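Have a look at the structure below before the remarks.
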Amino acid sequence: MNYPRNAWYVASWSQDLGERKPMGVSILDEPIVIWRSDTCLTALEDRCVHRLAPLSMGRCEGDKLRCHYHGFLYNSDGAVVEIPGQQIVPRQARVRRYAVAERHSWIWVWMGDPGLADETLIPPAIGFDNPDWILGHGFLDYAAEAQLINDNLLDFSHLPYVHAASFKPPASFSESLPKLTATARGVRIERWTESGNAAFGEVRDAGDVYTGYDFLVPGILLMWNGRFPEGTAKAFDYGKPDYAQAVRDVTFTSQAVTPTGRRAARYFFSWGPHRAHGDEALRDVLMTIAGQAFSEDKTIIEAQQRIIDKTTSPKILPSGHDRAVTMFNNLVARMVREEAAAAMASQPNETPRREIA
Amino acid sequence: MNYPRNAWYVASWSQDLGERKPMGVSILDEPIVIWRSDTCLTALEDRCVHRLAPLSMGRCEGDKLRCHYHGFLYNSDGAVVEIPGQQIVPRQARVRRYAVAERHSWIWVWMGDPGLADETLIPPAIGFDNPDWILGHGFLDYAAEAQLINDNLLDFSHLPYVHAASFKPPASFSESLPKLTATARGVRIERWTESGNAAFGEVRDAGDVYTGYDFLVPGILLMWNGRFPEGTAKAFDYGKPDYAQAVRDVTFTSQAVTPTGRRAARYFFSWGPHRAHGDEALRDVLMTIAGQAFSEDKTIIEAQQRIIDKTTSPKILPSGHDRAVTMFNNLVARMVREEAAAAMASQPNETPRREIA
Amino acid sequence: MNYPRNAWYVASWSQDLGERKPMGVSILDEPIVIWRSDTCLTALEDRCVHRLAPLSMGRCEGDKLRCHYHGFLYNSDGAVVEIPGQQIVPRQARVRRYAVAERHSWIWVWMGDPGLADETLIPPAIGFDNPDWILGHGFLDYAAEAQLINDNLLDFSHLPYVHAASFKPPASFSESLPKLTATARGVRIERWTESGNAAFGEVRDAGDVYTGYDFLVPGILLMWNGRFPEGTAKAFDYGKPDYAQAVRDVTFTSQAVTPTGRRAARYFFSWGPHRAHGDEALRDVLMTIAGQAFSEDKTIIEAQQRIIDKTTSPKILPSGHDRAVTMFNNLVARMVREEAAAAMASQPNETPRREIA
């Protein structure tokens, strides 16, 4: 799977991880168990060293997790610290530990070497604990490659076709290209619509409308919308405005695409208004639209995946709207190459175990 | 898949293809989109050049079809004629076109080079527009190789075993062999039952009963039944009679087996009486019997497929009743060999496209 | 699949095989048809020589079985004795015959050379015809390797974890190791609990409790439980006691694990009290507990299988409780090696047939 390991992947919404209730997730097709105690948040390989049962079916004991097949007890480093009926625990009895963090209402897992995990690289999403925003949220499971969802999110020229019935963009939407800016770990994609043609929905007022988002590795979208006084677009040189100047319609959405398997992905999303520009009722309206629109994406992307699966050597023909897709995929490809080179340069560090007889 | 490409495959019943509503089908495991406008009937590769989304999820615009992922517009030759937000359309932006025809209430697709498509090779089935016949129709999807269904249709010695409860042939049915005649693109299989033992159903009258069918590439069965005055069998040297001489029970059925995937096929069928020998009520009786009988075939053939799938190197032991099966499969094998030889002799003509990054 | 062929596998509960109703089963991924007439019990390869349809969809004719695709008739040696419409039956028209026996309410199939089949090797299970026992029974289908179920049954240290809610063993259960004895075709595993701590369920009385079982190739468990006067454990040197001395709670369970496919198994089980120690009501209580407990096993073992399937080169780390697992798997591996060596030393004896055209 061509995804970088040195990146923070969203494993779950924070609130879906119970206290002392281990949760099994899959990221890059690797089974991972995550649990939270009073004092720690832990992510380990979800595979007991004994007979490969999932640890996520086990039970928490303080900071530790006991496998509920034959009772092996793991600490939060991934080391087995107790084997029932046996005095000695072999040193190689340990599973891989992943760096894990809770931030912006998401549980993030760093898939690379935990020693390289850098929490400053966690994308600056907005969580439910931020009092300025009123956000709804959800997730969808895709029978498709995560990359296809990333591609979709990096090129909004699909809006007039896929979302004609939900987002209802103006017919002219796909005729112009957004402004693109490469960033350290992604692409910034911005559109200013001057004199009142909103990118989404019907025109309600005069003014300049901004729609801008950062798309960041491994597949995180952070988008702001807002309506500003006429002239704002020009004043900010068609770049990111100062939200304090917005007159209405300020909303935020964060979205995360996690590759769970080879042809499987989980798509997390939130959306809602700034508290100065909307209320719970508006959030519910937006979530209803999102529910319809994201289902439209899922339908076309899963159909696209089925066609790709039937194609001997799938090739694409990029259009002018694919510039952001290409920029982002090139960035990902470079990260994957650099990680492969670094792995070649270092020693493998695998725990040796005995083969099944 | 060992099926000839230079042949007309049934894609659909005519009436199941709406006006200006693109339909996605699969033939020889290739995704194909078919649509009909006021002026044309078109079949293209169902795979957008841009990102491989199925064109069958798109919308018709006059004679053209627009992909409803990012709006690429195709003409009925398969060429992209418009890319939103882009002035120039690359010359290689085109998908494969298939020759397609509507005849006898079926949509036929020629899977080989459209330049070789010869509409005179469309098997002479009978459609609902023929006022002489009162036909019911339907289709069944099989989880089995099309060839297994062809084999079944080429050897009716299975009737007393598979169809003991539906067609109810006489116990002696499998004891005699039918008359076989090789034809240009298939096999003619004929049975005369003299002095009143009908091949199908109970004996109702004296007379000579004829059951004869042509089985034509790629897998089309056209069958006539009828009861004639005593002596007719001998008068026609046990060959095809003159239907004008039939005294009763004249029915016709056309059936088509289309390989949709490697272990998948669609089986189309019609059946009904000649207007001089029956009415809508008889057609309904026949369709009820067919519904039961074709379900019996599906049950045994899908079970046969499951056994074949579990068999390391599947071998068969043909019986005397397999002569028509062998004749037809040899014809198919020869066509496939000749097509492979012709393809080797010519140049590949594939549109080069860029790889997915 | 690494299972011995020279062993008796349970194909079915006796009562699930009707009279003159062929039944299709799968053992070691081989399709087998079994039928019973007034005079014989027969097991053949479930694959007609003609076109590989399953014979289990056929019908019995006396001792013989007719394929209900095209009517080939088989005798109980697996030879075709009649082909409709054909005078001569080729000598190679025969399918593999398996040795089969009915004993202890199970139908057993010997997967190796029928000439080596030795009915004295059928494990001494207890059937419903034994008036001393009141047994309930059932079976479960697993989406998992049979070996994983065998491993589970050979190591009861999983009881406090997997079966905390059903069997409710004492917390100390996994701290001690059972007594193991190698037997000719398996392992004997025994536990004595002195002074009243029952291995299963709550303590109801004083006395010594015995739980012992034989686990025999290919995967048959025969287990006895009972409560004896204090001192019995020591008197029998912690080995198998004399059941006539039991004071209460004597029950018996036989269980059989049959590998049906590569990742599929069927698990048969019975359980119930000795007539001197219980009644139908107790049997029903035990079967309710078994229903819950065996479902708990299925949940963890199928999850274990899914993790193994995601693991590139699965390795295990055996614990002290795995001694019986290792003994049994070594025995199985030795049998498989010896069978492979014997097969190399002899000539292959396969019926040659023609390839499908």
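To keep things simple, chains are lettered A, B and C as they appear, and every chain counts its residues starting from 1.
Operating definition for what follows: a contact is a pair of C-beta atoms (placed from the backbone, for glycine too) under 8 Å apart; a residue touches a chain by one contact, two chains touch by 3 or more.
These numbers were taken from a predicted model, which means no experiment stands behind them.
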Least step count from chain A to chain C, where 1 means the two chains touch: 1
Self-contact between copies chain A and chain B, residue sets same or different by half: different
Chain A and chain B: spacing of chain centres that average the CA atoms, whole Å: 47
Per-residue overlap in chain A, given as positions that touch at least 2 other chains: none
List of chain A residues in touch with chain B within their complex: 148, 151, 155, 157-158, 160-162, 174-177, 299-300, 303-304, 306-308, 310-311, 313-321, 326, 329-330, 333
Contacting residues of chain A [partner chain C, same complex]: 29-31, 46-47, 49-54, 57, 66-72, 83-86, 90, 92-93, 353-357
